Each structure stands twice: as C-alpha cells, then as structure tokens.
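Both of the next two complexes hold chain A, though its partner changes from chain B to chain C.
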Partner chain A sequence: MFPELISARDLQRPIDAFVNGLVTQYSDVLRSLTQPLLDLLIWADDLLRHSPWWAIIAVVMAVAWLGSRRWRFSLAMGGLLALLGAIGLWEASMQTLSLMLVAVAFSVMLGIPVGIAMASVRWIRAVMLPILDVMQTMPSFVYLIPVVMLFNLGKLAALFATVIYAVPPVIRLTDLGIRLVDAEVLEASRAFGASRSRQLFGVQLPLALPNIMAGINQTTMMALAMVVIASMIGVRGLGYEVLQGINRLQVGRGLLAGTGIVILAIIFDRITQQFGHRQHTRGG
Partner chain B sequence: MSISLPRSPRAASILSRSLLSAAFSATLAALSLVPVAAQAAGAPECELHRPMRFGGMNWESNLMLVEIERFIVKHGYGCDSEVLPTDTLLALASLERGDLDINSELWLNSTLEPWNKAKATGKVKRIGDIFMGQEAWYIPKYTAERLPGLKKASDLPKYWKDFKDPEEPSKGRFYTCPAGWACEVINGNLYKALGLEKTYTLFSPGTGATQKAALMSAYQRKQNIVFYYWSPTPLVGALDLVKLELPPYDPVKQKCLTDSDCANPQATDFPENPVFTAVNTKFTEQAPKLTAFLSKVKIPLTVENEAMAYMEKNQAEPKDTALWFLKHHQDIWTQWLPADVTQRVKAAL
Partner chain C sequence: MNKIEVRHIYKIFGPHPERWMAAARDGLSKEAMLQQGGHTLGLRDISLSIEAGHIHVIMGLSGSGKSTLIRHFNRLIEPSAGQILVDGVDVMGLKPRELEKFRQRKMSMVFQRFGLMPHRTVLDNVAYGLAVQGVRRAERSERARHWLDQVGLSGFEAQYPHQLSGGMQQRVGLARALATDAEILLMDEAFSALDPLIRHEMQDQLLSLQSQLNKTIVFITHDLDEALRLGNRIAILKDGELIQEGTPEDILLSPANDYIESFLQDVNRGKVLNASHACVERSLTLTMRTQPVRALERLVARGYDYVAVLDGKRLAGVLMRADAKRAVQEGARDISRYLSDMASVPASAGLDEVLAHLLRTPEPVAVTDDQGEFVGVLSRSKVVELVTPSASGDASRQAA
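Take a look at the complex of A and B:
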C-alpha cells in the first residue's frame, strides 16, 4: 500500500464544493451567454429536419461533385444517404448530422488558428500539447457531469463534449503541416521580401493544406464517434437509437442505428478526402 | 487444487489475492497452513470454498446493500466475497449462468419479462423481498409553493410556461427516464394518456448519471422542474419533493402502459415495485446458512430513505453508508441473523 499523504476525500471535497458553487452562482449567467449558440444548434436542427429529403440529398451530391468532379462518386454518396432513409433512420440521421456539422465547423474555426499559433510560437506549443493530451484521453463523463450541471442536458452540452474530443486532430495536423514546410522554401519567400503574413497565407498554409485536410477529416470522424456519448446527455439522433437498442437488449435496433453512424461516417470521410486529394494534386 | 484447502477467511484472502497461476499453488498450499493453525477457536467456517460473488449493480441503494451483506458475510459467516460491477440485465444473465451467486436488488417491474424467463429455467431463485420501490412524477416543494394549483399530473398542461424547454421554447419540458429503461415506455404512454403532447416535450436524459446531474442542478438553483423518479434513492431521500397525483392504480390500464404499442393508453398510478434478492439455485444448495440469512434481509422504507439521504448529504462511499447503517440500525439487521452470528458481527463493528 502506498502511504496516505493526503486523504483522497480532502482532495475531492473542495472540488465538489467549487463545482456546486459554480452551478448555483454562475449557471444562469452562463446559460444566457450561451443562448445564441443554443439558438444556432436549434436552427441547424430545424433546417435539416424540416427540409425535404430530396433537397438534402441533392446538396450532399452537389458537395460531393465539387470535391471530386466525378459524377459516379457523387451518385454513390447520394445513394448512401438515401439508404439511411430507406432503413427508417432519416430523422435520427438529420438530428445527428446537424449537431455534427455545427461541431465540426466550430472545431475547424478553433483548431486552425490554434494550430497556426502552436507552429509559430514555441511556448504556446509547450502549453497546448499537454492540454491536447487531456482533451483526447480524459473520459468524457468526468467533465460532462459538471457541464450538464452548468448548461443543462441537451444539445449545448453535447456540442462541448464533441468539440473537446474532436478538435485535437485538426490542431495537431495544422501544427505539423506548417512545421513540415521546407525551411528553404520559406527562406526563398523571405528573400523575395514577403511579409510575415504573406509567408503564412501565401506559402505555409497552402503547402500545409493536405495535412490540414487530413486533420479536418479526422476531426469529422472523431465527432461522429461522439454521437453515442451525445445521446447520453439527452440528444436525440442515431446515438439515442443505439442507446435504446443496447439498454433493451434489442440487438437489431442497435445494429441498424450503428450502421447508420457508419454510413454517415463513410459519406463524410470520402467527401472530405476528395477535397483533400484535389488540394494535394493542385498544390503539388 | 488448493482452492479447497483454506479454512479461514485470512487464508482464503491470501489465496484470492495471489492466485495468479496454478504454478504457485504448491507454495500457496504450504502458506495457507499457517493461518489455519493460527485460527481462533470461535471463528466460523465458510460454507463456500471460494469467494462469494455479488452482482455490483451501480445504483446507490444496491451498492449500500451489497456492502452491508458483504460485511455480515465476512464477519458473521467467515466468507470472502467479491463484487463484479455490472448492470441489471447482464447481472441477471450472469446469475443464470452461475457466474454470480447473488443479485441483491432486483426491481421486479423494471425487469419483469427477463426475470420471468430466467425464473422459468429453474436456475435462479427469488429469496426475499427487501422493500417496496416506488415510482412517481415529482415536482420540488418550492415549485409546489409557487404553483399552488398544481396538484395532479393532469393539471400540467395549464402550467407549461413554468417548465419551459430551452430547446423548444413553445413547450414545457418533462424529464422522463433514461433511454431504453422500462419506465421510459410507461412514461411515454402516460404522457400520451394525459394529453401532454401539445404542451410538453418528453425529454429523455440519456443516462441515470446525467439525469441526476440535471435534476440536482435545477434543484440547487431553485428552478421549476417536473420529472419522473424512483425511490428509495439518494435524490428522493435528500431533496424536498412533492408527488403529482395520478388516477388510482388499475392493473389493466397499467398493463397497457407498459406496452410500447399500447393503442389507447389511460392514465393510472404506478404500482408498488417489489425489490427482491435473487440467487443462483446452486448457491442455495451449497450455502444453506447464507441463503437463510439473505432471504430474511428486509429494510423499512423510512430507514432506507434515511440511509440514502445520509449518503447524498455526506457524499459517503457505499462502504461508509453500510457501516453507518450497521451501527445505527442494529434493531433491523439483528433480526436477520442467528444469535451467534449477530455476536460476531457486533464484535467486528
């Protein structure tokens, strides 16, 4: 036995008291501050659920075509999405999709600037690396329970959980991509008198794009992996179907909903990869 | 094998701790002789030649009861025990296979169908009723004071504005059961029967942990909430709650409510939910004395609620709560045990 230097209870109690104080004093303020975020989530959810199904399939096919310029690929993506509707998961898929799109958008908006900062400033990198480790390994329920107490159950808590879990790959790969840019190329651009921002936007970012796209691709995948966790904090959608299936030992229901998640993942993965691939071929 | 050798709890615990491979068994056999020789004269001999296996279902009342029973089994009957963390349905399946000896708390209404199936195989036995669980729709006392007109569940439509759902502001929010629990179906049907579809969302909190977090947070901030919960639980024990009235219990209507395809649900109150101990049939043959003790375990609801409130308010571990119960409610547990066993347990406290 390891000798007890400080009792674990003495360590836990102040943390509990702190969280409780936070909940009673700041919860209402935090909730009203984050109301716009919640409105955005509700709007995205309404938009996807109330748009006609063919319109959504058409949009996905259009995006797929923009990424690949191949009709066959675009048709396949549309077909997969239609398959989701065919196995009775349309509404659940749309709920999941809306949360994911918002979460991925936030992750990218946060992740790329942070990645750039990490690549350019050494101490930011030193600070961020352990934070990223925490984000990727801390079991989500540990921070979700306080988040639920502060923001209530539902979409907002799920958005936090998803962003925390999904943002690290895009940060890491943006950082990596920029640092991998050849020092000689950078020096050449400096020799031609490029300013710091010209270097970044004209040279570093374009050359790092394949890596950044890979990061975005991984971020989307991670966001989808959080769908079941999101359902555990009161978000409807595919994860909720899985959870109900598991808890009632209805293997079929769980499996179908699980397949739905996989189909969404494949659609996302292939489309983002196509974008990354095109960037790569144009850039290289 | 050396498993049959130990005759004292200490020897058995040495064994269970270090029995990593059969290669050690010879050494261990030699080791186990020492405590046997040192054994005190009055110490009991366990009926089982292995640790007793408890199903550690993860809700608070069960966690406490398991620790109470383990304490008595250890100090009163000289048996080692282990707890395997699990969930109701999995625990029932393991009990049937004999991987577990006992599930201390099965809630009959929540596991009706799987339990009847398991019982039909003859491999499991229901041996004692611990208490009657209760389910209800609750509002906090401060909400009841703010809305004196709200007494019945059927009054809810008038008050939807007081329970506004932040994600759907045109409706109130009713917190139902976590996804996939049996009560989710019942609440869904009650919700239809009471005509709440137009004015309330049926909000599922996903899991028990997040449900509790959301409810506790709302209570701390004195927000109005209306929700389903069950007792005895720390939440109901520690918070000041008021039940919403439902029409009197009617078994026929209730049966329809439990069916997810119920065509014409009608509101009726929740029945009492017997909470009982289930054991593996083989275990009852191997350990008749332990079975006799376990079948007498019974805790009055008031005491159970008191224990749950103690647990919540002091953030006590299940083990500490069990000790608190054993110390403060000797009149209850001494009735479960023969005099000599009682003596030994008291001595260990």
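Take a look at the complex of A and C:
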C-alpha cells in the first residue's frame, strides 16, 4: 500500500465546497448570462424541425455542390439525408443536427483564434497544449457534473460538453497549419513591409486553410460522437433513441438510430472534406 | 555617397545574447562560445560600405553568416550590437510602422527558394509589394504587367507559381522585387537553386537590367564564379567574420589569406582578368618622327627586339630591330616608313581570349583602351602567370 500522504477527502472537500459555492452564488447570474445561447439553441432546433424536409435537403445539396462543384456528389448527399427520413429518424436527426451545427460553429469561432494565438506566441502554446490534452482525455462526465449543476439538464449543458470535447482538433490543426506555412513565403511578405494583420490574413491563414479545414472536419466528427452522452443529460435526438434502445433492450431501435448517426457523420465528413480538398487543389 | 553602411555588426543567436557580447568582442571563437554557453556566434564585427549603383557581392560558404548579414539590412534579423545606416538613416532607430514603410519603399528582396505565394497568380505575386504599399488594383496590375514583360514572362499572368519552372519562378521573384521601384535590391542566393545554364542566363538578365536601372544590389552567393562575374565589389565571409573586401581583381590578384587562395584555385581566371592586367607599360615608346639612328641606339641599349611606335596617343605600329638597322643603312629621315603592323587587343578582352590570340601568332601584341589609345604591350609570361598561377610557380621553382 502506498502511504497516505494527503488524505483524498482533504483534497476533494475544498473542490466540492468551491463548486457548491459557485452554484449557490452564481447560478442565477450564469443562467441569465447564457440565456442568449439557450435562445439560439432553441431557435436553431425550431428552425430545422419546422422547416419542410425538402427545403433542408435542398440546402444540404446546395452546400455540397458549392464544396465539390459535382452534381453526383451533391445528389448522393441529398439521397443519404432522405434515407434518414425514410427510416423514420427525421425528427431526431434534425434535433441532433441543430445541436451539432451550433456546437461546431462555436468550436470554430473559438478554435481558430486560439490556434492563431498558439502559433504566434510561444507561452500561449506552452499553456494551451496541456489544457488541450486534458480536454481530450478527461472523461466528459467529470465536467458534466458541475456543468449540469450550474445550467441544469438540457441543451445548454450538452452544448458546453460538446464544445469542450470537440474544439481541440480545430485548435491543434490551426496551430499546426500556421506553423507549417513555408517560412520563406512569410519572410517575403515581411520583407515587402506587410503589417502583422496582412501577414496573417494574406499569407498564413490562406496557406494554412487545408489544415484548418481538416481540423473543422475532425471537430464535426468529435461533436457527433458526443450526441449519445448529450442525450444522457436530457437532449432529444438520435442519441436519445440509442439510449432508449439500450434501456429497453430494443436492439433494432438502437441499431437504426446508430446507423442514423453514422449517416449524419458521413454527410458532414464528406462535405467538409470537399471544401478542404478544393482549397488544396486551387492553392497547389 | 554610400547607400548602405553597416558598422561593427555583431549577431549572437541564443536565449541571452547580451551576456556573450563582451566575450565576442574579445575574440572568443565560435566553437568555444557554442560549447561554453550554447550560443551561436552569427556575425562578428562586420563593417561594410555599399556604394550606390554598385552590385556588391557577399560571398561565403554555408554557415558563414552571409544570409544572416543580408537580413540585417532590412531588419528581418535584429543585430545584437552595431549600427546600420541606409541613405544616412539609422535603421535601428525606426519604429515598427516606419520600418514597414522603409521595407515597402527602400528595399526589396529576392529569395533563394523564390518565396512566391502559392495561392496567388503570377500577376498578383508580382503586384504584391505594390498591394502592400496600397497602390490601386488597376495601377498595380499595369505596373506588374510591365515588369513581367521586362523579365520575359508576359502571357503567364494568370498561371500559379507551381505551374512554372524554377527559372521562371525566380523571374517572377525578380519582377516582384523590381515592381516596387525600391532603390536597393537584396538578393539572397537568388540563383543558387537554378541549374547552371539557367543561372547563367539569369545572371546575364540581371546585368542587362542593372545597366538600365542602376540599382544598388546586394547579392549573396556561395559561388565564386558568380561573385566575380556580377560583383563590382566582393566581400568574403567566413564563420561570421569579414575576411576580405575589394574589387574582383583585388581578390584574385592579392588574396588576403590561404582560405581565400584555396577558394580561388578552381576559378576560371581567364574570364575575370583581362588584358589590362597582363600588359606591361614599357618605359620605351617611339614616335613617327624619331630618327632611325636614335631608335636603333635605344633598342640596342635596352636589348629589345622591337618597340611600339605611337602617333600621338594612338598606336602606329611596331619597329623591329632588323627594320631599324635597314632604315639606318638606307639613310631615312625618320622611321615612319619602316613600321610593321602591330596586332592589338582591347584592354577589356578576357585573358582566355588573349591567350588564344597569343597562341596564334608569335608577334608582339599591344593593348589599347576603348578609344583606341595605346595602353601597353602584352607580356606573355605575365599572361601565363595570371591564368595559371600555381603552374607557373611550379615551373619557375623547377627552373631554379
């Protein structure tokens, strides 16, 4: 037995006290502060569920076409989405999709600036790397407990959990992409007197774009992987269907919903990949 | 006036360069500094003056600090100590905004691996410096087209850099640098990545552009032939120290130490040195009006077989000793009718050309300048000595 140097209880107690204090004192403030977020989530959910199904399919096909400029690819994506509806998962898919879109949007808005900061300032990178490791490996239930205590069960807690889990790839790949930009090209832009922002937007970001797109692709995949866990804190959708299947030992229900998640993942993956790929071929 | 002046530049790479400055000033060697303190001595006490309108070559092997030095001129690298003056302005004193302006207007740069932006078209690449200056799109396209045309790349405007060959990419790099109308052009091993044929072509192009534009060019290279071909002056660096600085002739004819001498061994000297280096100004020349008796006297007194005869400052011909005797016997008033034609080469002719000339004829050869005025007579032994210094050295040693 390893000698007990510090009792575990002594370590745990202040943490518990801190979280409890946070919940009792700041819960209301936090909730009112995050109300716009919740409104956004509800709005997105309503939008997707109440729009006619053909409109959603048309939008997805249009986005697919923009990414690839190929009609067959666009048709295939539309077909896959229609398949989701055909096996009776339209409503659940739209609920999942709305949460995912918001989560991915937040991850990208957060991740790209953080990635840029990491690539340009050495100490930020030194601080962020271990934080990213924690975000990716810490079991999500560990931070779900305080998040749920603060925000209650529901969409908002799920959004936090999803963003925390899904944001590291886009941060890492933005950082990597910028650091991989040919030093001589960047030096050339400095030598011609480009300002810092011109270097960033004119050279670093465009050249890092294939990597950033790969990061966004990975982030969407990770976000999808969180839907089952999100369903455990009360979000309806495909994950909830899987959970119901497990709870009631209905293998078929679970399998179909699982397939739905896979189909959604394929649609997202292929479309984001097409965007990254097209950037790549244009840039050479 | 000197366009660029650097004074006592030191550069030490590492986390605490200031702690090692004193040691660097006292002459601690590069190896010792690396071993004792993990700092790399990049440059030690470099002072250089670069004259306006000159091509100033900075030469050295890899690791000699030449690329580090050129980046000090536009402060892409900050010196650990020292002063940099461009047009009399202290570059070290510029604030960030002023430094950007300075880089936009005063200097442009050409890079070894081109440094082109892969996501922009050739035209946009050439216009990049102008875009940074804030020139309107229509005007910068027009100016970029002009420079693309100057480097022989019209028709490639809409291509992307990766669609062009290496030589063409570097032409784009050159056009981009010229488009900003900066007076100073920094070229960092600009032609080193190109194959020899293209490199030679690019050197020609640079020289012909330079004859029209008259920029101040700082040219970095590791290739001595290139340095001798392009440079008005050459500075040679080794391990971050300036070893010798001078005209190509200075360096070829009086290398400062063994290191430079070993460099010079493989150089095609015949291409760099010209007839003016191998001619001897004879103390004796005659004019057309000289009396034959006087002429013969002088020839005999000096033991010469022939003497050059001038008409004013121009070369009239050569008087051979036999002809001088004949003139005396025939009782001529002057020597003008007894001259033979004398072959001549221009002073700017390369020694390889001169050598071919000397092999063809045993007759003496005169050297004349651009205006056809007489400079001197070629010395055969001097030509041989200059073209192959080690061979003639060996020969004289054997003879002794």
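Here is the rule we use: the second predicted complex is superposed on the first by the 284 of 284 C-alpha atoms of A that agree within 3 Å, B and C clash if a C-alpha of one lies under 4 Å from a C-alpha of the other, contacts with A are read in each partner's own complex, and residues count from 1 in each chain.
Rule of thumb we're sticking to: a contact is a pair of C-beta atoms (placed from the backbone, for glycine too) under 8 Å apart; a residue touches a chain by one contact, two chains touch by 3 or more.
Keep in mind that what you see is a predicted model, and the values were worked out from it rather than measured.
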When chain B and chain C are modelled together on chain A, clash or fit: fit
Chain B versus chain C as contact partner of A:Asn247, first or second or both or neither: first
Touched partner set for A:Arg13, first chain B, second chain C, both or neither: first
Touched partner set for A:Arg179, first chain B, second chain C, both or neither: neither
Which of chain B and chain C A:Ile42 touches, first, second, both or neither: first
First, second, both or neither for A:Arg270, with chain B first and chain C second: neither
Chain B versus chain C as contact partner of A:Leu207, first or second or both or neither: second
Partner chain in contact with A:Gly234 - chain B first, chain C second, else both or neither: first
Shortest CA-CA distance between chain B and chain C [superposed frame, angstrom]: 46
Contact set on chain B toward chain A in their complex: 89, 114, 166-168, 178-181, 184, 203-207, 209-211, 213-214, 216-218, 220-221, 315
Chain A to chain C touching residues, read off their complex: 182, 184-185, 187-195, 198, 202-203, 206-207, 282-284
Of all residues in chain A, those that touch chain B in their complex: 12-13, 16, 20, 23-24, 27-28, 31, 38, 42, 141, 144-145, 148-150, 152-155, 231-236, 240, 243-249
Complex interface listing, chain C residues touching chain A: 74, 76, 99-105, 107-109, 111-119, 128-129, 132-133, 160-163, 176, 180, 186
